[in-house]
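Structures given as C-alpha cells follow.
What follows is chain A paired twice: with chain B in the first complex and chain C in the second.
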Partner chain A sequence: MSNTDIALMAHLMRRAGFGATRTELEDYAERGYENVVEDLVEPERCDPIDEDILHRYFGSFEAGYVEKWMYRMIRSKRPLEEKMALFWHHVFATGVGKNQHLLASARQIDTFRRVGLSNMREILIELSKDPAMIFWLDNNENRKGEPNENYGRELLELFSMGVGNYTEDDIKNCARAFTGWTFAQPPPLYPQGFYDAKFVFLEEDHDDGEKTFLGHTGNLNGDDIIDIIVEQPACAKFISRHLYNFFVADEPQVPSWHVTPPQDPEAIEILSNAFMESKGDMRHILRTLFNSDFFKEARGKKVKSPTELVTGILKLIGTYERPDPGMGKYSGATTLMGQKLLDPPTVEGWHTGREWIDGGTLTERVNFAVREVSDASRPGIAELINRLKAEGRALAPDEFVEKCLDLAGPMTVSDTTRESLNKFAESGGDLDLSADNGSEESTDRVIQMLQLIVASREYQFA
Partner chain B sequence: MGRPYGLLRAGFPFYKTLGMRRLTNFPIDIALGKEGCLYILCRNRDASTIRKYHIDDKDLGTVGRGLTWAVAIIADSEENLYVSDEAKHCILSFDKDGKELGKWGEYGDGDGQLNGPAGIAFDAEENIYVADSLNHRVQKFTKDGEFISKWGRFGDGEGEFNMPWGLTVDELGDVYVADWRNDRVQKFTGDGEFIFAFGKSGSGNGELNRPTGVAVDEHGDVYVSDSGNDRVQLFNSESRYVQKFLGDAALSTVAIEYMMTNAGPNRLRDMADLEPQKYFRRPGGVAVNGDGLMFVADNGSYRVQVYQKQAIPLTEEQFSAPRRSPTLHQE
Partner chain C sequence: MAYRDPVLVIVELKGGNDFMNTIVPYTNGIYHDCRPIVGLREDEVLPMNDTLAWHPNTVPLKEMFEQGDVAIVQGIGYPDSSRSHFRAMDVWHTCEPIDIGTEGWLGRVVRDLDPKGENVLTGINFGKGLSRALAVSGVPVTSVDDLDNYGLMTSIKEDPKRMRAIEIFKTMYEPAIGTGVVMDYLSQTGLDVIKGSDKLKMAPAMYQSDVEYGSNSIAKALRDVARVHLAGLGTRIFYTQHGGYDHHANEMPSHPKLLTELSEAIRDFFQDLRNHNASQEIVMLVFSEFGRRMRDNASGTDHGTGGGAFIIGDGVNGGLYAEYPSLDPSRWANGEDLEHTIDFRGIYATLLEQWMGMDATPIVDGTFEQIQPFKEVV
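Right, the complex of A and B next:
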C-alpha cells in the first residue's frame, strides 16, 4: 500500500473518527477506502463497545460519563457513531450547567449515539422528546394559552433551517404545536441519586387549535412540524452546511450563515441533494461526503476541536487498551482548552475553527500534547520507535524528520516547520537506534522530535 | 452448629435502608464488623473510601484512604479490614479506625502476582482467597500475602473463569466464585476442586447477568448479586433457585433527617413517581450475618438495603423426604 493511501485513511479517520494507530491505518488501507467508509456509515457491521466493561470499571449511570465517552471515542470499533454523537452535541448544544441533571445530559448523548446516523426526522423527533433539551429551552413551560417559544424558535433557527427561512408567525405556531411536550418529574438528586426523566405528552397542556406553519394549515402537532421541516430545502442546506463545517472544513460561526455564503457552495449543493433524495438519511449523506473529492482534498482545513486534539493524542500514544483510572484528566484537559463536554457555553454551541485558539488555549493544547508524547513506554510511542528501529540502519537527519512526520500522521508541514525540525535533527546527526550504546539517547531524540511535531502549527489542524 | 435438614422459609422481608448520597456514594461492597458496625466500601471515579457505619444508620466517618479502584472489603476476627484494589493490583489492610496496616501484591501473572484483584474472602484460618480477575483465576494467600495456591484459567469450562468478581467461603471451607463474564457461580473445595456451577446468561429466575457478589449464610443458602439484572437472587445449598429480591428501599434515617430540612427536594419527591426508588440499581457486593440479615450494596442508589431472613430449621420429622417429581396431591 502506498503512503498516499495511508495519508488519506488517516484523514478519514481523523474526521469520521478520533484518529487511528499506525497499525489500524494499515489495516484500514488494506481494506480499501470505500469499504472503510461503508463500515463507518453502517456501524452495525462492527462489534459494539463492551458496555459491561464500561460499567464495571467506570461505574454505572452518570458517574464519570465524560470519561466513559472519551474512552468510547478512542476504543469503539464504531467511531462514526461517537463522532456523530459529538456532531449533534455541537449542533443541538445543551448545557448541563442549566439543568444540573448529569443523567439527563448523559442520556441525551446516548440518544445522539443511538439515532445520530438515522434520518433527520427521527433525530428531530428524539431531540424534541429529550428531557435535557426540553428543560434547556423551557419547553416544559410551553402550555396551551401560555406558550413559551424558546424551543420552537431554536428548532428553526439553530437546529434545522437557519435564520431567514421562516417568519415570526411560523415560530409562534411551531411553539404552539409543541405545547404539552414535556417530561415527568424525576425524583430529586438527594438522597438516592439521579433518576431518569422521561418524556410525556400532556394532552391537557396541548394547543389543539388550527395553526399555519410554512404554508401548511391544520391542527398541527410537533410531529407534523418536523415532517414539514425536513421537507424544506432550507433544512437540507442548513444541515449540510453543519456537516461540511464539522467534517470537511471550517466555516464561519453559525449566526453569520444567513449573511455569509458557504465557502464551497458546490459541496453544499451535493450534500443538500443527497439530503433531499434520501429524505435526510444521514448514512447516505455521509457516504456521499466521505467519498467526495471535496472531502478528500480537505486535509488540514479544520482546526481540531479540543476533544479531537486530546483523543487524537491518546490514539497516537496508544494508551487505554483497557479502562484505567485517570481518564478524568482528559476531560479536564478539553475543558481547559475551551470545550467542556456536556456543557457548551450557549445554545449556539461552541464557536469552532480558529476561535478554538487563543493564547491560553493554545498553550494548553501544546503543553498537553507535548506532555503526553514524552513517555517512550506508552504503547503507541514504543511502536513508533520500534518502526524506526526496524529500518535497520542509521537515518540521516532529513530521513529522521520525514519518518517521524509520517508515523505521527502522516503529516504535511510548511517549509518553515520542516526547517525547524531539520535543524533539530541535524543538531544530533544521524539517528541510529540500532546502536546499543546510543539507543537511550536516540530514543530521547525521537521523543523530542515528536514533541516538536505535536507542538507545531500544523498539528493543530485535522 | 451444622446445617439444618430442612428450612421452613417463613419470609424474607425488607428490614431497613442505610446511607444516602454524600455519605455512602456508589457502595460496591460491605464488610461486617462487631457490635453492629459495618464498613461500606464506596468507589468514586478514581478514588475509593471506606465508610464506617452502624446498623442504626449512624455514620461513623471515613476510615481508610489511598484506594483507587477498590472492589471488595472483608474484616478479620480482630476487625482489621482488607481491601482489594484492582487498579493498584494489591490488597491493602487497615485497622478498624482506618490506620493503614500494610499492603501486598504486585502486578503480574506469576504465582502470587495479581492482575485486577476483585473479590476476597477469609477461610476459617483467615487465609485469604482472591479472585484474580484479569488472570482469570483464584489465588490463596496467608493474611500477610504469602502465596499458598491457585487454580483456574481463562475459559468457560469447569474450573475456568472469565473475569471473576465476587468470592466467598462458607463455614465448611468451600469457595464460591461469581464468574462475572460467564454469568454463573462456581463452587469449589478450598483446594480448588470443582464441585458444581449454577446460573446461565439471562434474566429469568435463576439466570444471571454479570454477577458481582456472592455470599453464603449458615444454612448454606447462596446469595448472588445479579448486577446486570438489578437484583439479588437466593439459591439453596444445592443451587436451586429460591427467590429474588428487586429492592424495597424506604428512606434511611439519615435521608429522612436530610429531607426534613430541604423543602425543594420534598416538593420534587412529591411530584415524582416513587416506585423506581425502591429498586436496586446495579447492586455490588452482598453480605450476610449470623442474625439472618442480608446487606446489599445498592451501588447506583448510594445506599445499603437490608433484608431480614425468617427461616426455621426443620428436622427430618418435620420435613418429608425429597421428591423427584411435582405432585398435585395435598398431604
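Right, the complex of A and C next:
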C-alpha cells in the first residue's frame, strides 16, 4: 500500500466521514478504495453503534444530544450515515432556538440519520412530516382557506429546486396541498418536560380543491407534490449542487445559485444524471460522487466546518474511545467557531466556505486545535510519537517535518508553510526519540510541531 | 488625541429584556392585571413620574438618569410579523426585517470608518463569538473573549515557546502568490489577528484605576472596554452582550439580579472613564431584541415585540424619548404585545448621524424617524 493510497483514503474519510486515525486509514487502504466506498454507502454492512451504551453514558435522551451526536461522528462504524445527517441538517436547517423543544430537534436528526441515505422522495416526505420542521416553518398554521405559505415556499426554494424553477402560483398551490399536515403534542408531564410530538394529518384542515402545480392539475396532496418535485431536473441539479458543495468543493452561498453557475458544471451534470437515472437514490449518487475524478482531485478545496474541524482533531488525538463524560465542551467549541449544532441561524442554514472564517472564529479554531494536541498522553498523540520512534533513528529536521505532516494527515502544504516548519525543526537539530535520548524535550518538540501544523492555513481546509 | 473621535459602545441584552419590568407603568391597572405574578407592586418601584417608575434594582441607572446622562427610548421595535420572533436578533443586526441580511450594520459602520481596513481594532467585540452585527465579509474586526489572555495559542503557557510559535505562525500565514482567494483571505485574517493582539496586549499594562468593577460578565466586559479605550488604540465601535434575559420562567428571582449587574457595571464604567477624563467621547446604546408579552405565564414572560433602549453618556440630553407603548388591549400588537412606537433603525441612524457624524441611510438601508437625544449635534 502506497502513501498515495493513504492520502486518498484520508481525503475520502475527511469528506465521507469525520476523519480517521492512521491505523484506520491503513486498514481502509488495505481493503481498497472502491470497497470502502461501498461500505460507506451501504452502512448496513457495518455494525451500528451500541445505543444502550450511549444511553448509559449520556443519560436522558434529549439533554446531551449534541454531545452524543459528536460521539457518533467520531466512533460510528457507519460514518457516512452521520455525515448525511449533518448534510441534511445543513440543507433543511431547523433551529431549536424557535421551538425550544430539544426533543423534537433531536428526533429530526435521528430521522435524517435513518433516511438520509434513502431516496429523495422518502427524504422529502419524512421532512414534511417532521414536527420540528412543521413548527419551524409554521405548517401547523397552514389550513384550508387560510394557507400559510412558509413551508410551501421553502420546500421549493431551499429544500428541493431553488428559485427560478416555479412560479408564485406554484408556491400557493404547494402550500394548499400541505394544509392539514401538522403535529400533535401531548401535554408534558412536567412544566419544562416534553413528550414526542407526532405528525398528524387533519382531514378537516386539508384543502381538497383542485390545484395546479408545475403543470400537473388535480386534487393534489403533499405527497403528490413531492412526487412531482423529485421528477424535476431542477431538483436533481439543486440537490447535486448541494452535495457537491458539502462533499467536494465550496460553492457560493445558496441564494446566489440562480445567478452564479456552478464552478464545475460537468460534475453537476454527472451527479444530476445519477440522480435522474436512480430516481434520487442517495446511495447511487454518492457512490458516483466518491468514485469520480472530480472528487478525488478536490483535496483541500473546502474550508472545514467547525464540526469537521473539532471532530477531526478528536480523531487525531484519539480520545473518547468510549463515551466518557465531558464531550459537552466540544459542542461548545463548535458554537464559538460559528456552528451551534441543532441551531442554525436561519432557515437558509450556515454560510459555509470562507464565511466560516473571521478573526474571532480563526482564533477559536487555532487555539482549540493547539490546546487539544498538546497532551502527549492522549492515545492518538502517543501513537504518533511511537511511530516516529519506530523509525529507530534520529530524524533530520526536514524528515521530522515530513513525517509529522504525513502522520497528521497526510497533509499537503505550501512552500511557505513547509519552510516555516523546517525553520522551526532546524532550530532544534535532529530529532532523536530513541530509547537513550527519548527525552521529554524531544517529545515536546513533536508536540510543538503538531501545534504548528494544526495552526496552519492548510489545516483549516478539508 | 486619536481617542477623542466619537466612540460608540453597544450593549446587547441578550434574550429580550422585559422593558415593562424595567421602566414600569406602575400606576396603570392593565399592567397589574396582566402581570399578577411577574409584576412589581406600586410600593416597591422607584417612581420617575406619575406613570413610570424604575425597577428597584436599577438605582445606579436611575441616579445617572437624574443627573441627565440617560435617554430612555420607549417602545423601540420594528414592523413585525408575529412569526419572526426567532429572527429578531438577526433583524436588529442586519437591519433587514424582511429579507435575510448577511451584513451586520456595525460591520458596515466599521467599513465606512476604516475603508482600507488599516486598523483591525476599529471595531471590537467583547465576549464569546463575534456578534453578527459586526460581521461583514472582508471587514476585519476583532473579537476578544478575555483581554488579559487574548491572542493566538494562549494555551502555550511558557512565554518564549509561545512567542516562537507565533513567529512561525506569522511566516506560515505570509501571503503567497497563486494560492487562491480563500487562502489569501485566510492569510490576511491570520495576520490581522496577530496585529490586533500585538496592540491589544498593551492595554492591560497601561491601565490603572481606582474603580472596582463587579465580578460578573457585563462588569468584566465593560472594564475591558474601558481599558482598551483608555489605551487609545483607535477603536470607534465596542460591542458586548449581557446574557440571560430570556425569562420564559423564573423571571421574578432572576431578572432583578441582571438589572443590578447591568446598572452597576454601567455606573462603574462611566465613573472610570470620568476619572480618566475620557468620558466625553463615549456614548453607549443598551438595547435588546424585543420586549416581552403583556401577560405573564405565571412564571415568566414569553417573547413580545416593542421594548426599550437606553442611550447613555455625558453628551446625552437625558429624558424620555419616543412614546411608551399604549397598554390599552385594543392597541396591542398581535393581540398580546406592546406595539412599537419607534423603529430601531431610526435610533441607529440617530447615533450614526448625530453622534458619529456619518451618513446612516446606506447603513440602516433607508430613512427612519430619529430622536434628538444629544446636547450637541455633530
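The rule is short, and it goes like this: the second predicted complex is superposed on the first by the 454 of 462 C-alpha atoms of A that agree within 3 Å, B and C clash if a C-alpha of one lies under 4 Å from a C-alpha of the other, contacts with A are read in each partner's own complex, and residues count from 1 in each chain.
The definition used in the following text is that contacts are C-beta pairs under 8 Å (C-beta built on N, C-alpha and C of every residue); 3 or more make two chains touch, one makes a residue touch a chain.
This is a predicted model, so every value here is computed, not measured.
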Touching partner for A:R457 - first (chain B), second (chain C), both, neither: second
Chain A residues touched - chain C or chain B, whichever exceeds: C
Which superposed partner A:D138 touches (first chain B, second chain C, both, neither): second
Partner chain(s) touched by A:L342 [first = chain B, second = chain C, both, neither]: neither
Chain C-contacting residues of chain A that also contact chain B: 191-192
Chain B-touching residues of chain A, taken from the complex the two chains share: 52, 55-61, 63-64, 67, 184-193, 195, 324-326, 328
Chain C residues within the chain A interface of the complex: 83, 85-87, 90, 100, 102, 120, 125, 128-130, 132, 135, 137, 140-143, 151-156, 161, 164-165, 168-169, 171-174, 176, 179, 181-183, 185-187, 189-190, 192-193, 196, 248-249, 299
Residue ranges of chain A touching chain C (in the complex, touch as defined): 95, 97-98, 100, 138, 150, 191-192, 250, 253, 255, 303, 335-336, 338, 345-346, 348, 351, 353-355, 357-364, 366-367, 370-371, 374, 414-417, 419-421, 423-424, 448, 451-452, 455-457, 460
Residue ranges of chain B touching chain A (in the complex, touch as defined): 20-22, 26, 43-46, 68-69, 87, 163, 165, 180-181, 210, 228, 249, 251-252, 254-255, 258-259, 262, 264-265, 268-269, 271-274, 276-277, 281-282, 299-303
